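Heads up, the next two complexes both have subunit A, just with different partners, subunit B and then subunit C.
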Partner chain A sequence: MRQRLAPRRRSPRIRFLSPSVRRRRAGYLFCLPGMTFLALFLAYPLFYNVWTSVHDVELGQLLGGAERFNGLENYRAVLDDPAFWHSVRLSLIFTLGSLLLQFAIGFALALLFARPFPLGGLLRSLLMVAWLLPPVVSGTLFRWLLDAESGAYNALLTGVGLGALSHDWLTDPSTSMAGVIFANVWVGVPFNMLLLLVGLHTIDPELHEAAAVDGASAWQRFRHITLPLMRPVSVTVLLLGLVYTFKVFDIIFVMTGGGPVDATRVLPLYVYEVFFTFFRFGQGAAAGLLLLVVPLLAGVFYVRRLRREDEAPAGGAV
Partner chain B sequence: MPYPVDRRGFLRTAGAAAAALGLGSAVTSCGSGEPSTVTLTWWDYFTLDNFQPGMNRLIKDIEAGVPDVKIERRTFPFAELDRQIALAAISGELPDIAIVDNVAMNTLGGNDLLADLTDRVERWGEADQYYKGPWDGCQIGGKTLGIPNNSNCLALYCNTGMLKSAGVEPPTTWDELASAAQRLTSGDRYGLALSAIRTEEGVFQFLPFLWQAGGDLDTFTTYGATALSFLDDLIAKGSLSEQCVGWTQQDVNTRFLNQRAALQINGPWQIPTLKQADFDWNVVALPRDKEAATCLGGENWVVMASSEHQDKAWEVLEYTQRPSVLVPYLVAFGELPARKDLADQGTWASDPALRLFLSQLPLARPRQYGPRYTEASQAVAEAEQAVLTGSASPSAAARTAAAKIDKALGRQ
Partner chain C sequence: MRPPRHPWRLTAVATVITAAFLLPVYWMVKTSLTRPDRIQTPTPQWVPTPVTGENYSTALGYEGLTRALLNSLVISCGVVALTLVLGVPLAYALARIRLRGSGAMVLALLVAQLPPAIVLAAPLFILERRAGLSDTYLGLIAADTTLTLPFTVIVLRPVLRSVPPELEEAALVDGCGLPGVLLRVVLPLMVPGVVAAAGLSFLIGWGEFLFGLTLAEGPDVQPVTVLLNAFIGQHGTSWGALMATATLISIPVVCVFAVFQRFIVGGLTAGSVRG
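Moving on to the complex of A and B:
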């Protein structure tokens, strides 16, 4: 973390401390509320989770208070469980599918909204609704839209004479993943669009104008000016998306509950099941920590990038 | 009084201890001359509006009829109650009394969360008044850990008009069910509707088929395959919608109510809704194969092992089981008694549909498989979903599930 300068105070009472110590002390003092909050609500639960993950904790032992230390036994049990690896695979499919689609669509929409046009602002705001809706609401909405019998999606297809394309999206194990990705992309697009739009606005329009004067086509300008200059923003958007998408739980839980069979039981749902359906708290804690690995790596990468961007001159391509 | 201990003194001490530990004042002393009142916390999952008058009346009844007791009730959604109890076990804030789904006895009883009521029940001496299935469902490891409050089971609802116009008799065997369902299927109407959702609800509906085939969870490879392929055939012939893998029992009832299913498997709790239907329907026993069987549903009263007021809680439980209290409560809830001696009282004595369900209670089996049942249950649900969505053959799905079941239930 970078040192923030505390305001200099000229207090005669604490002159016996050197100015630099005083400054540092004030700095720590200012950090205290935040640190307390982090310790209480982040470090403590995390530590408790780590503790649980190396103990044999199940429902029956909670009352007796006889949790036994069992080392890495819980981790071994989780890593030996084929259902865990299946859920890891599903999580990767879900995350990559969602990320690529919402990024591509978000980028396209950002390019659209980058130029002012009548009602553009209104449309852009309306798009944000998708992002503002609670996931439980979006999940319920898509569950209904994709319902095989009474769903609007199939009704629409049948209505325009494409009944052959109608499908039981969520009750067919081979397409239910596509269904939840579809819903999650809808939720994620506005967020991607907004960040990318901000990125587009930082590109100096003179660059485009100069290129146009030199005879560059629209595609060439996009390919050689917009894309390279958008790289830092894009990486940020994708990393944030990765962290956010990897731990999506609610929308899938509402739409399919992880089914049919286990076709959409991504890692967060697996952890939930181990915890709250099977009450294997030790293994659940271990699986939960393993779930943290991917977002944590992405997070570290993101923070490092952020720092590098801070150091590099603004707008500079990396 | 059964105990020579000075109750007031004991309660005062317990109260002081609770307060000293910062657990709040669970016990309140009401002045020097008056008897102390015990506040019992009570959890259940009856959240719907139509349950509240009956529940409020019961609580008023208890507070009037059981000396020195106050009830503090908290409700949770159906699917949340078990989870909340598990979480409360972590934080140590369990209630004194709970009304839990009978299948929760596996998790709660198997993990020593429930108070042992064996001695109290023995002194009480009314155990033989209960139907065998519900009563057995409260016995875990040789101990009585609960009292059945009300019971239900599954049966087959028939759309009378549809059966008549198709010239079909209500089926009594699997073969008859299969052919009836096929003949009753036409257009967008399915012959049969049932729930195969990926939760305990779907398993509740599937287990009767397994038992009727002559098997159980320990013989799933063989009999699970039989039951699964029976259902698979129904789907293959179009008599049962593949969509049933996403249906709750409520969804199933909606199909039946909208006349998009001629037969449905469901429980007696649907009767009030179905009474408003503008067509005739009737209920018959579930068709049998090698055996006749249905699955036991309903709730049990339990006292938590952590409760400091187990005696008072037991007094409350005993009080609720008096016919003068139980009958009006069950009538208000539209539920069936778990007690044989109440068979000729209340609405179920005259209503033909309720009578049919009551007549099936002796055949109803509890899901009593121990603390790891939820894992076995999920294996069953996934096997059924795999078969009905066409992603596995009945025998392969049964084999996969059997391995998971054996692992969960400790029979390698």
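Moving on to the complex of A and C:
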């Protein structure tokens, strides 16, 4: 307002800027460092990956030099590699197996912890510890728990009379995938539970009360009230789970290194091997970009869902 | 949900489930406290008798463990500092100032969380080497911050949005400059969000493995997660010492979570469900 009243004389030293303009300038200034950092350390490397994927780059060119453009040659090499398709299959098994199990168990636990009872909050927080441990720690730990000779799980099986089922889980190619899924589900359950709990708390308790008054059984209430109302949250949780699970690297790398032979070499481990073991940078970059397809698709869905919720007038919590 | 008729019965059920679920953690600590000659027995002991610190002294005697723990501490504190310095102003601007392009920036931050770390580790391996950043704390801190920064801004934005704009306007009218408003009015109100972001960034930096594995060559800057993985190869079946190392790595995680629990759980759900 003040600048309108002031004489319209341009002074080189004092410039009158409205507070809103000043504020906007400050805003861009605030964004600058963070966005520059992400441009340098995230966006540029990803674009550089695209560049590498269409060049013939190997260990010799690590410090720069004569990289030869070779078009889609790297992509063809990856797509012609049976090991790549094997990894795609393993990634699908690992992701679907982990996702379904951790969602189902997480949902069951959320239903339990949604009811108020003494010490509920404390126990729920304790469960989160599984999710918080560094994946390398949980990987090492499950390697020991699933150990053939003196692992805790085999001892447990023997203890309850199922000794016949005790097994060398991680070194047998036919069960190693089950072993890493088991460990990964353990890590993922608390996170699923936490997000599903938030969803359960948004359900109006009066709905359940009214249905109970009308004589609906607990199962009917679950089936016709809880499940349909939990659908949007469930989709969100599964989408997030898909993105997280598809990129799991640490826990598998530590538990089996992708083995025995290649029984647990999911896509991220395949990319690692091509790039860091064989130093085929061009092919590794191409495989890495192919690995991006699934998370990006899931991300598109996720963002579109967020958009729709932003537009919703009531702005439901989830 | 209706209040249950027998709440203590639910407590009992939940306690049994929690105990069974956390058995692996108990087993880790138990193994680390068991005498080495009693660990690999056909029928394992459920309670270590006698309790011994032997595995811890063995582990701390392994070459590089103390150094690696220190490295991890430096790296994760660096990650927290860099994340907050870059993230707090960014989150403030995106939450409270009408900017052209802020929608695009928020979208970019959401997308930034999608790529698997290996897709980033590969080009960073080449680029950091050429820039002389490989094998430095700074190189690792920067790589880890690509994970924490987008996350932090997404967590902080809803927190900042909930601060009523009138508070800020009143302070501005009272003659507080914008920096003053930020320091005295906005910052105190965002403390819970910042604490959550700091705690989560620390946990991510402390547990990070892949960048440590690919961007640090030598023991000088290598984080302890990479060393634990190397121990499995070197000390194969010394499970007592391995579990002692794993326990040592877990202690700060549990401490940070215990202290910041409320904030972290709140921040986590706000960030991932509400976007």
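The working rule: the second predicted complex is superposed on the first by the 275 of 318 C-alpha atoms of A that agree within 3 Å, B and C clash if a C-alpha of one lies under 4 Å from a C-alpha of the other, contacts with A are read in each partner's own complex, and residues count from 1 in each chain.
Criterion: a contact is a pair of C-beta atoms (placed from the backbone, for glycine too) under 8 Å apart; a residue touches a chain by one contact, two chains touch by 3 or more.
A quick note: this is a predicted structure, and the numbers were derived from the prediction, not measured.
*Asks:* Hey, is it subunit B or subunit C that touches more of subunit A?
*Replies:* Counting contacted residues of subunit A, the larger count belongs to C.
*Asks:* May I ask you to decide whether A:46 touches subunit B, subunit C, both, or neither, giving the answer as first, second, both or neither?
*Replies:* second
*Asks:* Could you tell me if A:301 is touching subunit B, subunit C, both of them or neither one (first, second, both, neither)?
*Replies:* It touches nothing on subunit B or subunit C.
*Asks:* Per the contact definition in the header, classify A:284: touching subunit B only (first), subunit C only (second), both, or neither.
*Replies:* The second partner, subunit C, only.
*Asks:* Applying the document's definition of touch, where does A:137 land relative to subunit B and subunit C: first, second, both, or neither?
*Replies:* Once the two structures are laid over each other on A, A:137 reaches subunit C alone.
*Asks:* With both complexes overlaid on chain A, does A:149 touch subunit B (first), subunit C (second), both or neither?
*Replies:* both
*Asks:* Just to be sure I read the superposition right, which of the two partners does A:276 touch: subunit B = first, subunit C = second, or both, or neither?
*Replies:* both
*Asks:* A:222 in the overlay: touching subunit B, subunit C, both, or neither? Say first, second, both or neither.
*Replies:* neither
*Asks:* Applying the document's definition of touch, where does A:262 land relative to subunit B and subunit C: first, second, both, or neither?
*Replies:* In the superposed model, A:262 contacts subunit B only, not subunit C.
*Asks:* Determine where on subunit A the residues touched by subunit B overlap those touched by subunit C, and list them.
*Replies:* 62-64, 149, 276, 281
*Asks:* Mind pulling up the subunit C residues that touch subunit A in the complex?
*Replies:* 1-4, 7-8, 10-11, 13-15, 17-18, 21-25, 27-28, 31, 39-44, 82, 85-87, 89-90, 92-94, 97-99, 105, 107-120, 122-127, 129-130, 142-143, 145-146, 149-150, 153, 172, 178, 203, 206-210, 214, 225-226, 228-229, 232, 239, 242-243, 246, 249-250, 253-254, 257, 261, 265, 268-269, 272-275
*Asks:* Subunit B touches which residues of subunit A in the complex?
*Replies:* My answer: residues 58-60, 62-64, 148-149, 168, 170-174, 257-262, 273, 276-279, 281.
*Asks:* Can you list the subunit A residues touching subunit C in their complex?
*Replies:* Its residues touching subunit C are 19, 22-24, 26-31, 33-35, 37-38, 41-42, 44-46, 48-49, 52, 62-64, 109, 112-120, 123, 125-130, 132-138, 140-145, 147, 149-150, 152, 155, 158, 186, 189, 194-195, 198-200, 205, 208-209, 212, 233, 236, 240, 243, 246-247, 249-250, 253-254, 268, 271-272, 275-276, 281, 284-285, 288-289, 291-292, 295-296, 298-299, 302-303, 306, 309, 317-318.
*Asks:* Which bits of subunit B are touching subunit A when the two form their complex?
*Replies:* Subunit B reaches subunit A through residues 83, 86, 89-90, 107, 110-113, 197-199, 242-243, 245-246, 305-306, 371-372, 374-375, 378, 382, 385-386, 389, 391.
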